[in-house]
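This is the structure I have questions about; it appears just below.
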Amino acid sequence: MERTYRLVVSCPDRTGIVAKVSNFLATYNGWITEASYHADQQNGWFFMRNEIKASSIQFDLDAFKAAFEPIAKEFSMQWSLNDSEVKKRVVLMVSKESHCLADILHRWHSDELDIDIAAVISNHQDLKRMVEWHNIPYHHVPVSPESKEASFEEVTNLVGSYQTELVVLARYMQILPAKLCEQYSGRIMNIHHSFLPSFAGAKPYHQAYDRGVKLIGATCHYVTQDLDEGPIIDQDVIRVSHSNTIEDMVRLGKDAEKNVLARGLRLHIEDRVIIHENKTVIFG
Amino acid sequence: MERTYRLVVSCPDRTGIVAKVSNFLATYNGWITEASYHADQQNGWFFMRNEIKASSIQFDLDAFKAAFEPIAKEFSMQWSLNDSEVKKRVVLMVSKESHCLADILHRWHSDELDIDIAAVISNHQDLKRMVEWHNIPYHHVPVSPESKEASFEEVTNLVGSYQTELVVLARYMQILPAKLCEQYSGRIMNIHHSFLPSFAGAKPYHQAYDRGVKLIGATCHYVTQDLDEGPIIDQDVIRVSHSNTIEDMVRLGKDAEKNVLARGLRLHIEDRVIIHENKTVIFG
Amino acid sequence: MERTYRLVVSCPDRTGIVAKVSNFLATYNGWITEASYHADQQNGWFFMRNEIKASSIQFDLDAFKAAFEPIAKEFSMQWSLNDSEVKKRVVLMVSKESHCLADILHRWHSDELDIDIAAVISNHQDLKRMVEWHNIPYHHVPVSPESKEASFEEVTNLVGSYQTELVVLARYMQILPAKLCEQYSGRIMNIHHSFLPSFAGAKPYHQAYDRGVKLIGATCHYVTQDLDEGPIIDQDVIRVSHSNTIEDMVRLGKDAEKNVLARGLRLHIEDRVIIHENKTVIFG
Amino acid sequence: MERTYRLVVSCPDRTGIVAKVSNFLATYNGWITEASYHADQQNGWFFMRNEIKASSIQFDLDAFKAAFEPIAKEFSMQWSLNDSEVKKRVVLMVSKESHCLADILHRWHSDELDIDIAAVISNHQDLKRMVEWHNIPYHHVPVSPESKEASFEEVTNLVGSYQTELVVLARYMQILPAKLCEQYSGRIMNIHHSFLPSFAGAKPYHQAYDRGVKLIGATCHYVTQDLDEGPIIDQDVIRVSHSNTIEDMVRLGKDAEKNVLARGLRLHIEDRVIIHENKTVIFG
């Protein structure tokens, strides 16, 4: 993969935004390899993602940012500029179920997933050996009703100590405290084992079985203070039938969970997701 | 298609049911062309569907029923025996949206759907011409808040007058009175424009848009007194993105709606659906 | 839908294309409601589609074209500029199977599909009544091994007489002469009842049945002189099993065929398809 | 999971088969927990799979077989009777790509896949560490054009030495000699990275890219002497677009490959696949 800079922008919509930005890029000879635009006409907001060959531009990233700043101000942009070769620092949080963790670790191990896995935090010991085989630090932070406050302080400290850019709840099964959700707003990703908004909360496969649905699903979303209510990144479903038990659903659902989480994670680390209010724009 | 008899059975599970029934069929030289069985081990119930070449059996349908009756009693079966050449009498109910109606009419017109369409009932006049081109009676029964009781009495009378075996709500958009739901329990089919249980009730595409889901869907289910809570027959989904407006979702969803309704309808008329409590067993 | 102009461009890739075009649009105050770009790095080609609010621009379409001409020349562009309110003139060609025709006619009749259906041409009489109910001219041009040349001259004349912009083979089942394919290159669309390149040619469902595939499909593509080898616009599949007969596959496949053809048709008339060599860029 | 016996049968179709078999089972008080039947009316063949609670039958497996033998003879059955608690011995063969191997190993490691993995054979060293972490023997058998004969003799000996019941080619990338294919007919499973019969042979993603298909796929099939022509067990597809490079397709396709292989493997080890001529009956 050739090295690129990724310029991601959202701002109030008006004429001339594309012209201004692409002019700016052309002035400095920037070669756009991929560009995506979206104008949300309902709420008058504009979204843009440009991927530019790093080699085509004389700037380094800081000079690039400085040069772009006045345009960003003029259009009241929220924006980011990232280097494709700087890996994001990710902390994974897991409980006892291994399928999402093993899937992410293998994608990372086989160079499919371009991240730094700083550490894995778990409330159980079960997955320690699997993680350590990959030479990744494993932190066991048990969570009990009594220890909750202290435990999540420890979690918060750990996450902070790693300069974490993204926390991935890979079937963590614990509700994070509101404070942590706020602090890492837009940077905590969860996989929920249902096609939300159906079956939020506990035991979604049991809920699905009881309702007799013919499709079960999985949803990757950002975590907010409202459980399972955050912005959705990706979803998928798997067909089931009357002959499937709850155990079958749990097993079948795992494939949806890990695939959806891996897709969501990839979208995030490639700067393809823009959160706006409680929804996402995905430049896939 | 060769003529068949369809024997559909559900009863408490125990050993020997299959043996008893298949023995019975073998005794009379019945040639089974298709057989499906399901034992629900959680609640101890057994479900069976046999399709038997009509020509292989000396019986007519009534004699067949009489011969089977003692077995049915012995095992406390709920059962039905239908002739594949006797078409079910169906009444369609519609409002203004034409896509589900047009789809069903075309499948029927092109001999894909083996039913008798006795009549179409609508609270609007819009689809009259389309229906009458197919030489099917069209009954306009307007429904207003004041007229509701009288209107549904007229609907009930119409449905009754046609010896209706199945009512299909092909985007009817009105809530049927509890009494009618009860009277035709398991014989009123609805298409809801969401993947239930998400977005029950009014304006599901608006709800889906607001929640920012990445999949929209459609659900075919039997109507009960609890709105959008009846046994689900089939469901499907369609991928959407941030770039889709509500109008796009309405349009895209139509394809899911008509396909899911057509599949559900076909399953029902081929006696492939068994309702048990609030769920369905589908021998597809 | 608000009226838009659609500017669609393909040209050799280099820096500054987006800047030049968006600058041009900004100069005349053009409000971009949708923009898509693709740089094919393998063969160095660039593709772009801009949708611009018609009301935001002072130009009429001809003045717009004149103003854009110098830029097009500078970058050696192939380009088109269309008005969303000018409907494309479409001729449908069918044989005996009605499902694709009925589907297109209903989408048109219910204002989902924004085209002018100039006429339907068929080598059979079967679908005449259905077409004429929609007040669309129906031309019966029988095709026999002996009449082939004369028949296709008649077809060519008919297509020409309607100033046809797009020919849709909605299960026409005859091979068009090379000359006609050339004359309407990129403007004849076919639906083939398999997931190409599997099962090109005759009786694809029979081929699929014999091979024992677990998925059957449909492919919408542009027609070239090489049978079933033209640029693919869209494809889809449907799951089948050992229990499905060839007749089942034919029936099940119809839903894939009509949905894929409808999607392909919609993409074409919204100027979302760019043909490059034997492939398509789809700005969906 | 409760222990079961799985009786799988195929034979020429006639009346009375189900009755005979279910009678036999009922006589010995066999409790059927799952039953599937298929009559292929085109070639007059009958297929059946019964799953019977082991605890409901007084027999051990050998006595069961002895008792069933006369029925099997009477109906010229090909049949097998397996104990759900006896794991099949599987040898995996891999090359350098790890995704299918890692997926199978994890499913096995997490008790999702109920097999004995006797050994992994590879023509490369790359995956040795991953395999040995799971305490599974790893045999490196390099294959060069000159060494081919000797290498495959070694492979054949290894497979034989493990009393292998199933060989799984998890992206092995070498063509097995005809003799080995014959010897393990119906017991060598391959994952091919295309939706067969499209793109058989080498570099299917390159072929797919060049053809411009909108869906790529994967096919799990039994290996025969004819490359990529054996009976298909399962297939799936993934949507791609013009914006996907060959590298993208390779990456995206991995998820289809591993899921399809895992499903095919599970079907096989649960005795749900019957091969008949060059097709499969799948009692899923």
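Note that the chains are named A, B, C and D in the order they appear, and that numbering of residues resets to 1 at the start of each chain.
Note that in this section a contact is a pair of C-beta atoms (placed from the backbone, for glycine too) under 8 Å apart; a residue touches a chain by one contact, two chains touch by 3 or more.
Just so it is clear, the model here is predicted, and its values are computed rather than measured.
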| item | value |
| --- | --- |
| Pair joined by more contacting C-beta pairs (B-C or B-D) | B-D |
| Most distant chain from chain D, judged by the mean position of its C-alpha atoms | C |
| Separation of mean Cα positions, chain D and chain B [Å, integer] | 37 |
| Centre-to-centre distance between chain B and chain A (centres being mean Cα positions), rounded to whole Å | 41 |
| Two or more partner chains touched - positions in chain B | 34, 38, 41, 243 |
| Chain-level touch network, classified as line, ring, star, complete or other | complete |
| Chain A residues within the chain C interface of the complex | 15-16, 18-20, 22-23, 25-27, 29-39, 41, 56 |
| Partner chain C, residues of chain D touching it in the complex | 38, 40-42, 195-199, 211-215, 217, 231-237, 241-243, 245, 278-282, 284 |
| Complex interface listing, chain C residues touching chain B | 34, 98-99, 102-103, 106, 109-110, 112, 133, 243, 251, 254-255, 259, 262 |
